[in-house]
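One chain, chain A, appears in both complexes that follow, with chain B as partner in the first and chain C in the second.
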Partner chain A sequence: MTESPLLEAVELSKSFGGVRAVHSVSFAIQSGELMGVIGPNGSGKTTLVNLITRFVKPTSGKVLFKGETISHLPPHRIVRMGISRTFQMVKPFYQLPAYKNLIIPLYSPRMKMLAGRRYGDRNAVALDLLEEVGFERDAFVAYKPAGALPQGYLKRLELAKTIALEPELIILDELFSGLSLAEVASIVPIIEKLRLEGKTIIMIEHRLRELFRIADRVIVMNYGEKIADGKAAEVMESDAVKNAYLGTENVCK
Partner chain B sequence: MLVGTIIYALINSAILALMAIGFNLTFGISGVANFAYGAFYVMAAYGMWLIRNHTALPYPLAVAVMVAVNVVLGALMYRFVLLRLRGQALSEVIATFGIGLAILELFRYYGFVGFEYTLPVFSDRSFVVVGTYVDAQRLFILGFAVVLVACLWSFTHFTSTGLAFRGIAQDERTALTFGIDADRVAALSVAFGAGLAALAATFIIPLGSISPEEGYDVLIKALAVCIIGGLGSSGGVIVAAVIIGFAERFTDSYIGSHWTMLVSLLAILAVLVVKPSGLFGKQKELEERI
Partner chain C sequence: MNQRKERIDRGIRVRSGDVFALSSWREMAYLAAPRILPVALCLLLPLVLSPYWQKVLLSVAVFALLAISWDILARTGMVSLGQALFFGMGAYCSGIFNHYWGIPPLFAIPLAAVAGGLLSTLMLLPVLRLRGIYFSMVTLVIPLMLVRVIEATKIFGGTEGLSGMDPLPSRWVEMYAVLAVLLAALFGFRRVMDSDYGLVLRGIADNDRSVINAGINIYWFKAQSLFICASIGAFAGAFMTHVYMFVGMPVFALDYSILPIAAAVVGGPGTLAGATFGAFLLVPLSEALRGIGGLRIVLYGVFLVVFIVALPEGIFHYIQRKYHQVERWVEVE
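Let's look at the complex of A and B:
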């Protein structure tokens, strides 16, 4: 017997008018797994994340988290259950210093639920979190307004905001996009460390090389449908994926 | 005369700040411009008058009841009207203005007009402050404005609800990802604003009387203060209230009271010409257009 999955999507569909953004996608993810979601632009990856976190209401199908249906809950309730996400376009609180950006999630309903009132010095917790995602300890950068940070730090801050909520499932929507190779290389160990801590992670990525190095498993989306699901190496060899990414031979010629 | 004018200008500023603070709180948090704000102010005042004159309830309790009523009605207005219009600023304005209009004109229709409609002063003593006579009520207003501003500031900086408020104010989507219920916070913001309108009425109405016109007047003054200060900025409300408050009283004393309105409107125009999003405004698009 395998244990029941942490998250399960059952025939999730979403249409925007006549566009089938996501069509009958099912998958299950076990606790502790790192699952990549890849696919060409517009294939429905972000919509899939939006459906899981309920930022978008599914047209049909459902999502189960620890065996409970969550697809009827509003997004803030889903966060409280332990699913947290990043956005492709980062939106920090620009006027606040970087570490103060973490004060709001640290005071949020989920943290109150988990820690009660005995949560200690939250400024210190915020600075620790920033160090965890690669802000230099005691450096000026943690105290700068978020609006003045370079992209690499903004992505790290986005990651820190998600882990500040101590989630069980972390969904990273193109965390690596817009980052240099060196910056990606420095964030990969942070994700690996999160896995060692037992977090379950879903990563949407276009940076396949980096993704395949850390993912246990990859699902491939194309035109809103799941066209492959399996170990990274196997998935890349399948014909459906080659067609989706490279086009059919006729098109190539 | 100068000292007296300054003292009364300060009090006038406190009155303006009290009138604007609730409107500004709601707008600053949820972006809802509650144009029924003036009606909530007047409704609370009439409610307190009715309770005081037709029941045996002690006056402080009447105040508490009306603040609570306003809070509940504000939340209901959000839940049943504004929730459906969220994000369409013009619809929000039309809907809330319509509600306000209905409330105010209903009071006029039922004949609630006249000098007997007023609320009691807290104390009828008066004091000499640096050679100027000031009645206790005006001093209460000044004190209350200071206390209220201090309370609101600590509320939004040190409590989790307050932080959630600021989170929503900055970015609703990000706040949602932190597990903050945007609609609940927005409903609370409208409710808080309405409650503050009731409190402001308790302090300010005793200086004059309750009338439907007062509702429009309060709305316009609140708008003026908020626009000058920069909509949604709490620091801005204080500075703007001081600017208009001083402009009004100094015109009164040194130019003539028939120029008061003109001077305060000119002050508004001057600020908007120089800084279209208000002194502390954050609407960058407006700044970058000129």
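Let's look at the complex of A and C:
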């Protein structure tokens, strides 16, 4: 038996001039799943995210969320439906204290639609959220200007901005890039906790080792096309992936 | 024996903690002075000035309103080079209301502020998606275009303009009405910009994609900000119509676009108080230099360049920083 997927992409394509950034990509993700998206640089992973969240308009194809077509909606409407993403380039509001950065997502119309939870004093909620993603409570760090935060905290802040919206589908665009092993190890439990809360997650990652530890399923992209889809170990065994992405030797083992 | 200048910032807690302020009269005075002094100054100035300088104070207030409007827009990520559009729209609206329909000034002015704001917003609505310099260019062109439209089609008096508008009841009403609006705009919109709503507006200037990603329709918020700012500008224009008892093509002149920007930049961009302060500095200065005639606009340009290079934070930020600092000479061995 198969329940209907939470998100379904049907033949999504996008060309920038003559460049086929994403070409006829289809996949479906079930509720509660954690799906990884991997692929070499320039293989269209971020464009795929932009197509789902409609920051970029697809040339053809459509996206279904809970059975409804969403690819004609403007991006803010898609966010209100419960799809929220992080950006690869973290760009916080530099002059504002870290916790004030969360006021904007907390001001979102989605918060008003969500029957009152996390509503009220936005500053207090913001500080709670920061604690959830690992800002030490009662430390000065949450009050520092976002521009003065180290990379690890900026990524956490970006994650907190996403969680603040209480989305059903979270899309993490290279959350681990630029982080040390220790920093990654401290963020992984946050993601695992989100899964326990029943969130569906799509992760775009270059850090395969960390990704494979938590991902149920991986899709591999190359030159804008999906070349493999399945369990991490299976995917890595397929010849197409080895050639395209990892070279001919089996690096991952 | 050497001496060294020691500079100590007052703690953030001392500066912003409300409870701390109640601990002593000195603290309360320290916090209240920058708010009470300008208000008192505004209320007392008209009483001591000669009628000529009262008129100057009027135009100071008008330019301060335009500068406040520019600053809010700039902080929402829309740098306007055409404050004259808002000013002129308000001026013509009020003129039309009074001249053709005989609405008394006290009703025509607020009505024109809303109508002028609405019309300007509708005009700029199609270009709301433009960012940075592209938006600025459009705002620069529209008022220049409107002047030619009025000239060519001869509507609303054409080049002659409309004259014989009803004045406000007395020059005291005139004076205090505009000062009251200025103070209300200054303190009211400062509060708005510091609220969560204002934070969203400032977020749009900083990183609009991040704001979209919060499920917020940035074009709706930009339109709101535009309407607020256009209304402030339109009020200034409507008011001046009834002071001059005339409205004509000069209301779309470049002066109304350039001087507010100069005031905001010289005074201190990013603070409404800075914009007001700039207007209080530049307008009387240009009055005093009336002798040099058309060269005055050159003077604004020079002022603008000098301040952008030498004191980019603006005078107000500089004063504010010094006010919160303790400086003293200490001896070092």
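To be clear about the criterion, the second predicted complex is superposed on the first by the 241 of 253 C-alpha atoms of A that agree within 3 Å, B and C clash if a C-alpha of one lies under 4 Å from a C-alpha of the other, contacts with A are read in each partner's own complex, and residues count from 1 in each chain.
Here is the rule we go by: contacts are C-beta pairs under 8 Å (C-beta built on N, C-alpha and C of every residue); 3 or more make two chains touch, one makes a residue touch a chain.
The structure displayed is predicted, hence computed values, not measured ones.
Using the superposition on chain A, tell me whether chain B and chain C clash or fit.
Once both complexes are aligned on chain A, chain B and chain C clash.
Under the stated touch criterion, which partner chain does A:L73 make contact with: chain B (first), chain C (second), both, or neither?
After superposition on chain A, A:L73 lies in contact with neither partner.
Is A:I104 touching anything from chain B or chain C once the two structures are fitted on A? First, second, both or neither.
In the superposition, A:I104 contacts both chain B and chain C.
By the touch definition at the top of the document, which applies to A:R122: first (chain B), second (chain C), both, or neither?
Once the two structures are laid over each other on A, A:R122 reaches chain C alone.
Given the touch rule stated above, what does A:L165 touch, chain B (first), chain C (second), both, or neither?
both
Given the touch rule stated above, what does A:K112 touch, chain B (first), chain C (second), both, or neither?
first
Is A:F87 touching the first partner chain B, the second partner chain C, both, or neither of them?
Both chain B and chain C are touched by A:F87.
Quick check on my understanding: which residues of chain A belong to both its chain B contact set and its chain C contact set?
Touching chain B in the first complex and chain C in the second, residues 53, 55, 74-77, 79-80, 84-85, 87, 91-94, 96, 103-105, 107-110, 161, 165 of chain A appear in both lists.
Would you tell me which residues of chain A are touching chain C in their complex?
For this pair, the touching residues of chain A are 53, 55, 74-77, 79-80, 84-85, 87, 91-94, 96, 100, 103-110, 122, 161, 165.
Considering the complex alone, what residue numbers of chain B touch chain A?
Chain B reaches chain A through residues 160, 163-164, 166-167, 170-171, 173-182.
Quick check: in the complex, which residue numbers of chain C touch chain A?
196-197, 199-200, 202-203, 206-207, 209-218
For chain A, which residues are in contact with chain B within the complex?
53, 55, 74-77, 79-80, 84-85, 87, 91-96, 103-105, 107-110, 112, 161-162, 165
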